[in-house]
């Protein structure tokens, strides 16, 4: 694994809880445990993937790293600075080192602002570079993401979905950040456009040594894009591994179920006899039960699963899993039958 | 037919071959939509005529509306008094011309106050949520349950009735609807990703509220402002009818109110100011409707 | 070889929309057959006309501005394009039914799910209230909703997204339709729930022999669910083939692109990750349709002069495999 000094982002015991409005006067206030004790580190220049279904907390984790939601507890270090603890002007100054690309290219650009000004805005707001050089920089950013500098004068609605996402990427690149959070950057795009954006993101990473925190529910995209991956379920990381070992030797039953569920054009996956099916929907993250949160849907669950919370333990080099049923030898329950 | 075309990495033609950058400012687009709407254009022309009358009328027809110029209750056309005279023998045409000033000034000022209070309260409540919203919305509800005309009367009576106090009174009783609308818009837009984007580049709250969200919330608020003008004009007429008007400035509502006891002898003295109020409110409403369509992005795409 | 007759046969279908600047042909020259018990996938990007095809079969094309401008849609021989409105209402929900992408908005929030299922049967089969309710419970059980006796009394907002889509399927299947059209039925759902819905559709198809038209943008879904696939681009059919044939041996550059441009989940990922193949540019807008020539030519890396001038006709390259591309002629000539 990467040495300590190569770590760009370190998230320690991150918790984000939302209190829900009381339904009526005498009901107890309930808490949504959107993110509940998450730890991970992202090496510089790598792509770290967070996958999971809706309610898994992957997007909330990303927004917490960006300081766009209130952090209930825990630390987020960008380099040596605990950005989780910054406020006001200090936080504003750190923001130029981390930027975000959003999912929906239709709601992520202000419809009343021209594309050029959208890209220029971070330069002005965060006072990046000389004022005089900013126009030139915007033109350069447009070229970098495959847009023509003349298109700066257009309004967002005059672009296609893929082009809008390019504008969003240009804005994220403007302040030359170290970390870019990609929150489902292609899931709102047409299939044929996704490749354009994914190729662009990889090319930019190579060119500028960017570090991505990549959020997606699409395992194919994650498998292609990410170097390290954490699988989240109901606000917690259940498995964490590098790309090759996660997909070839998934340990957690949930990871396995997720992989089984993906409809695949690859006959090798489709014809696997050991695919498992989950029943029911992911439970709600409001006041989650004790023990393993996956126990209610896990086909292998035993009685201790709903009583004791499994800790994330490292089975082998860089591959960690939070499941009681995975043997210390690294044999997952789905292989023990 | 055996040699299949290799799918991997063909020499891809470059992106967007001939994109024609056609740039039209949003307000120009709005105007084009608005101009297509005949009723709205008619409203605009009508309002221009009324505004023109208020601005130029006194110069072109210099007559004091309070002067007794002829026999009371002379019918329209008598001795060159096109609209006749009222129960005291005052020139009705002069009254209509001078009265348009009070009507328009109060209408515009009261609508402005309505919009300013409404947007301020709605924006802060919708953006900050939490206790700010709770407090502001309770205040809004408090104002909402008071009978507006009664409250306005009390306010005007407490202070002496001048154009300023009347405008403030009307504004104070009618901002609640705008506040609720503004709050709803802010609640919706604050969750959009471009607002998160603005926060992620360190934009301050004030910038996000006024420069990011407000312009995007503007269309329904502009429409509501247009209708607020109409409502304010009706309020002003109502207050003047009850003789809660500025005694030094002629007003259409006052003309109707003061001539009301003699309506059977001189119908014209209440009818013409009534028509004037009707036409003004109609003009403003047509404009509001036109703006509503022109600013609606879904209709604009057609 | 005896060929069974198709349950649904679309021939030379054309759909037009009146636009501000003229008429747009959003579907042109579309032909395909659906065999009994078959699942046919229709795949393409948004705006390729796949949803409009579904609406045409249901005769739900918004009129005006749209109209079915030509062609035939035959359900067991009966031409739906020419059928009366009364007949179409009998067919909808009864012989052909449809499930939509968004389970949140396709159920009426003010009625219980039981009432909504029961309404369909009461309308088409004239069952009594009690019998219709029993049928609703039976259908909820069939789509594997736990405790159907209780669920029948619930309102849509009390159900999860997956449950709602199950209810939609139950509604669509209550009258045992001969054709079920599923328009991106799982796009709004999580992947584990999607897998459940697909299992359910497969099981129900086994039992009822309902033929399914599955509309999707996901080649993986096609591979899992369909036997045959129609690839559409800009309102035209560009390729029509058995699924395995298309996945292994796609002939049209657009089909090749659609398969290659998505990072598919691989059982054993490779260390090397070559750049994905891109389909450059975007789908033509509606007003650009029907300009002559192959609509894909502007985005096609292998386009020739001929492609820009003439629309290629469909040609058969293998049994049951049709492609509309001039390159086929080229390779044949070579």
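Residue numbering begins at 1 within each chain, and the chains themselves are lettered A, B and C in the order written.
As a convention for this text, a contact is a pair of C-beta atoms (placed from the backbone, for glycine too) under 8 Å apart; a residue touches a chain by one contact, two chains touch by 3 or more.
The model shown is predicted, which means the values in this text are computed figures rather than measured ones.
Ranking every chain by how far its Cα centroid lies from the centroid of subunit C, the top place goes to B. Taking A-B and A-C together, the pair of chains sharing more C-beta contacts is A-C. Chain centres here are Cα averages; for subunit A and subunit B they lie 47 Å apart.
Note: centroid distance subunit A to subunit C, computed from Cα atoms, is 32 Å. For subunit B, residues touching at least two other chains, in rising order: 15-16. Looking at subunit A, residues 196 sit in touch with two or more other chains. Under the contact definition stated at the top, the residues of subunit C that touch 2 or more other chains are 257, 259, 275, 277-278, 280.
Those residues of subunit A lying in contact with subunit B across their complex are 63, 66, 68, 91-93, 95-96, 98-100, 102-104, 107-112, 121-122, 125-126, 146, 148, 150-151, 153-155, 158, 163, 168, 171, 175, 196.
Put simply, subunit A touches subunit C in their complex at residues 53-54, 160-162, 190-196, 198-199, 202-203, 217, 219-221, 223-225, 243-244, 247-248, 257-270, 272, 277-282. Note for the complex: subunit B touches subunit A at residues 15-16, 19, 21-23, 26, 192-194, 196-203, 212, 215-216.
By the touch criterion stated above, subunit C contacts subunit A in their complex at residues 45-46, 160-163, 190-196, 198-199, 217-225, 247, 257-259, 261-269, 271, 273, 275-280, 282-283.
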